[in-house]
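The following pair of complexes shares a single chain, subunit A, combined with subunit B in the former and subunit C in the latter.
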Partner chain A sequence: MIRFLGSRLLRAAITIIMVVTFAFIVLRLSGDPAQIIMGADAPPEAVDAFRTAWGLDQPVLLQYFHYFGAILQGDLGRSMRDGRDAIVLVAERIPATLALTIPALIIKLGLGIPAGITAALHRNSFIDRAVMLLAVAGFTVPSFVLGLLLVLVFAVQLGWLPSGGQESWRHAILPIITMGVGGAAVLARFTRSAMLEVLGQPYIRTASAKGVPWRAVVWGHALPNAAIPTVTIVGFMVGSLIAGAVVVESVFSWPGVGRLLVVAVANRDLAVVQCILLLVAATMVTANLVVDLLYGLLDPRLRNQPKRATGAA
Partner chain B sequence: MSAPLVSLKGLRVAFDEQPALRGIDLDVAPGESVGLVGESGCGKSVTWLAALGLLPGRASVTGSVKLQGEELLHARPDVLDRVRGGRIAMIFQDPASSLNPVHRIGKQITEALRLHRGMDGPQARAEAKRLLDQVGIPDAARRLDAWPHELSGGQNQRVMIAIALAGRPELLVADEPTTALDVTIQAQILTLLQDLRKETGMALVLISHDLGVVADSCERVCVMYAGRIVEQAPSARLFEAPAHPYTRGLLGALPPLHGPRRKLSAIPGGVPEPWAMPPGCAFAPRCAMHVSACDAAVPEPVGLARNHRAACIRATIPFPQDQVAYA
Partner chain C sequence: MSDITAPAVLSTAPPRKARPLPPPMVLFGLVWLASMLAVALLADVISPYAYTALDLRNRLSPPIGMGGSWLHPLGTDELGRDVMARLIYSIRMSLLIAFGATIIGAVIGTTLGFLAAHFRGFVEQVVLALVDFSASLPFLILALSVLAFFGNSMVLFICLLGLHAWERYARIARGLAISANGQGYAAAVRQLGASPWRIYGRHVLPNIASTLIVSMTLAFPEIILLESGLSFLGLGVQPPETSLGSMVGYGREYLTRAPWILLAPAFTIILTTLSVSLIGDWLRDRMDPTLR
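Showing the complex of A and B:
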């Protein structure tokens, strides 16, 4: 177990280092932040002064080592736009994002998993077809289209809910539904196929053959097995709690981490973008680690065999 | 034969309109051992899955399955749950995938004990240990906490048998119980089934594609072909005087243990597909004794001797010299 955890943590650390490095390189390649922040009309001296102030005049490799050294000391840099600590800027936005993503996750789980199980148990019935039709619709429609559609119906036509902003809890409803529906659709399809796969296994027939009532076969024999593949996708959803709302926050003008990311990228606010990416990588990697541990808990065949445990990383 | 324990009458099964079983009549007496042989796809497994209501929903099942007079076909779920594992138990071909991978062996046995004998806690655990001892698993107390993937195929099949015995069934249906196992393990499992039948007095239905396996273990053998029983007889009689050309073909394909070596014969052709069944005898297109009357109607079983019946219009006439029975 210690060895298993150790190797997982090492891999997690490597993943994060790679993300940080990748983000650093891409951002340095994608345009001069000094020029963008100071504006096209800024005098060259001012732009140069800005470069010197932020260390952008140094060789890229040196910048990278400085940046990396600072991270190891817990310093994620300051925003080039307003000079505040990037980590503070990002942290301020996290509650707003979680206010959307956590209720949305509850909808995904609460709607998607029961729908998938029901569809599988009534395979090829009307219920199955209806659930799958909704699921295909739910996950093929991009979230910005669904979001705009909901705005059109519930904000513009019916006038029941506001179309954007963050003034009250009513403002959160449409973005939460937009995210929840898409995720529930994905989860319903996934749960259904996992459940169908398990229901076709010989051990399900064995359970029936020894007289276990069907309800107990489903709960006691099928679900614990179907949970194993489903945990992967749920882990991914938990991992994207922080950064999974970029599009929806933009559509609904919701001041969360996702919107901060869009603005920071547009402004080449390097420290903020890097800080968010680091946070995203950390949550995703943590979620994956938890998924791996859950695999071991759910499937005895994966215990003591760390090589066979596969994550979604 | 005494009053049958289980009686199948005109049992028919179709999957998506394609017939898989075309009328099975079979009685199993209390304590009797019956073998069911035939090629894969002939319906031997389907017969008993249908009898216990274990086929998927798309299968349409008609006819009658009576357990001491009680109709099982389309019975209420609670009636079937009481019968399954409690009065008729079934074990399957692939023991490794027939056990639930996420439950410990002990839990899978005690589940049956709780359902059929109302046992719980330490009492159930003690009985589960006794059952593992009975089916010959060494170190039973420790094995109760093992997972199926930690045991070998043969041991898993013994666990399956222990689960089957947990409900003290009157009939154990063993569906190709040794097909997935090594030859040496096969013999051990077959011997175990024989011993358990003698100890417990339960009846045994052994489903196999291997005539040799069945003949050794069973008092009576039913030969199935294309969804029907074409011949049934006491084991010894079947080997001495097979009446149906198909049975004779199967015996001709077995190498003799005694006497001079001879060329093994194979039955030409293949089993007809369900959607292309001949109008008369399903075996007619492959039969060496085929006459035009064979195509007129599906032959009914005729009695040839005590407990010996064959569904062949030519069963009563002598066989050609080159097709004598190989005993």
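Showing the complex of A and C:
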């Protein structure tokens, strides 16, 4: 178990280092931030002063090591726009994002998993067809279109709910639904196919054949085994909570991390983008780590296996 | 003597069954996709106006059915530009980007997968590390940072979207090529002295193509959604060019006064991704041997 944990932690650390390196390479070498921030007609002295102040005049390799050292100390730089610590700017926005993403995640799990299981247990029935059609629809309608259609119906036509902003809990309803529906569709599809695969296994037939009641077969044999692939996709959803919020927060003018990212990207605010990039990567890596550990709990066979648990996606 | 040659052997094979027609939903998808392709190819011929042409006397004119005239069947926007003309050119742009990006992704991923399978060892570890890295960050976040910091050009945008899902092709190509290398036919052509190019290009690739094509049909709608999402955020296709996503983004400003600007491209996106997904699922069920 120690070894299992160790190899997973090492992989997580390597991934984080790669993300930091990627962030550095892409964000630092892609252009001259000094020129962009100061404008094309800024006096050269001012641009030089800016470069010195932000360490942009040093050799790139040196900048990289400084950058890495600073990150290890928790210093993620300051926003080039308003001079505040990037990490503070981002941290301020996290509660707003969580206020949307956590209820949305509950909707995804609460709708998607039962729908997928029901569809699989009644394969080819009316329920199955309906769930699958809804799932495909939910997957193919992009979140910004769904969000705008909801605004059109519930805010513009019916006038029941506000169309954007963050003044009260009622402002959160439409964005939460927008985020939740698409994820629930993906999850339903995934759970259904995981369940179908398990239900076709010989041990299910054996259990039924020896007289175990169907309810007990489903709860005792099918669900635990179908949980393994489902946990993977749930982990991915938790890891990509912030990414999922980018578009929806922009549609509803919700002041969360996602919207901050879009604004920072448009302004080429390096420090803030790097900070969010790292936050997203850290969330993703942590979620994957938890999923790996859950695998160990759910499936004892994986616990003592030295190599990677799964090759196929 | 001639009656024991190849034709006689072939004739013992069971006759091919007539293929059943695809289900109606898939048929609808095929028809819709074909008409989208036709629109994209014939954009210059069928478009009633240039997509940048202004008609200042008919600004925000509603479409037919909402009190509009046949002059502008789908209405006009704030500048009096014809929504139908813009829709036609947006379809062309979005399909062009999606096709280009899908092919780039498939080529890069398959090549890297083959390289990993051929060289194994260090090369394979590097490719797998890149795959892990790719899978560790949501693509939208990667795309956002790269786009904003490299500035925005059409070529860069298409290439960037091409990186979407490359790791899936790489994984599939690597796995299948490794197993193909263990099979008789690859070993046989290698013994005959074929170069690696020939082995992978002429022998392994055709054998694993069906799985890769299924992945492409799954990646295609995702790329349309990504493109439209980024363009919607104003970080993708830039004006005066127009795509389905940027039309929705523009129409959002007129949601209350002129919802038709937004609805036309929105439903086009939905129907197109839906069609490709339905076709992709159907193809996967038919072609993917692991699902039989």
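Methods note: the second predicted complex is superposed on the first by the 302 of 313 C-alpha atoms of A that agree within 3 Å, B and C clash if a C-alpha of one lies under 4 Å from a C-alpha of the other, contacts with A are read in each partner's own complex, and residues count from 1 in each chain.
One rule holds in what follows: a residue touches a chain if its C-beta (ideal position, glycine included) is under 8 Å from a C-beta of that chain, and two chains touch if they have at least 3 such contacts.
Keep in mind that this is a model prediction, so the values were computed, not measured.
*Asks:* When the two structures are superposed on subunit A, do subunit B and subunit C clash or fit side by side?
*Replies:* These partners fit in the superposed model.
*Asks:* Check the residue A:Pro224 against both partner chains and state whether it touches subunit B (first), subunit C (second), both, or neither.
*Replies:* first
*Asks:* After lining up the shared chain so the two structures overlap, which partner does A:Trp160 touch, if you call subunit B first and subunit C second: first, second, both or neither?
*Replies:* neither
*Asks:* Which partner does A:Ala281 contact after superposing on A: first (subunit B), second (subunit C), both, neither?
*Replies:* Only subunit C is touched by A:Ala281; subunit B is not.
*Asks:* Please work out whether A:Val265 is in contact with subunit B alone, subunit C alone, both, or neither, and reply first, second, both or neither.
*Replies:* second
*Asks:* Is A:Phe144 touching the first partner subunit B, the second partner subunit C, both, or neither of them?
*Replies:* A:Phe144: touches subunit C, not subunit B.
*Asks:* On the A-aligned overlay, A:Phe65 touches which partner chain: subunit B = first, subunit C = second, or both, or neither?
*Replies:* The answer is neither, since A:Phe65 touches no partner chain.
*Asks:* With the two structures laid over each other on chain A, which partner does A:Trp169 touch: subunit B (first), subunit C (second), both, or neither?
*Replies:* neither
*Asks:* Under the stated touch criterion, name the partner, subunit B or subunit C, that contacts more residues in subunit A.
*Replies:* The larger set of subunit A residues in touch belongs to C.
*Asks:* Mind working out whether A:Asp299 is in touch with subunit B, subunit C, both or neither, as first, second, both or neither?
*Replies:* first
*Asks:* In the superposed arrangement, does A:Lys210 touch subunit B (first), subunit C (second), both or neither?
*Replies:* Touch partner of A:Lys210: subunit B, not subunit C.
*Asks:* Minimum Cα separation, subunit B versus subunit C, post-superposition (Å)?
*Replies:* Minimum over all C-alpha pairs: 13 Å.
*Asks:* Within their complex, state which residues of subunit A touch subunit C.
*Replies:* The touching residues are 11, 14-15, 18-19, 22-23, 26-27, 30-31, 136-137, 139-145, 148-149, 151-152, 156, 163, 239-240, 242-244, 246-247, 250-251, 261-262, 265-266, 268, 270, 273, 276-277, 280-281, 284-285, 288, 311-313.
*Asks:* What residues on subunit C touch subunit A, complex-wise?
*Replies:* So the residues of subunit C in touch with subunit A come to 129, 132-133, 136-138, 140-141, 144-151, 168, 171, 175, 221, 225, 228-229, 232-235, 245, 248-249, 252, 255-256, 259, 262, 266, 269-270, 273-274, 277-278, 281.
*Asks:* Sort out for me which residues of subunit A touch subunit B in the complex.
*Replies:* 201-203, 205-214, 220-221, 224-225, 298-301
*Asks:* For the complex, which residues does subunit B have touching subunit A?
*Replies:* Against subunit A, the touching part of subunit B is residues 49, 52, 54, 77-78, 81-86, 89-90, 92, 94, 97-103, 111-112, 115-116, 147, 149, 160, 163-164, 166-167.
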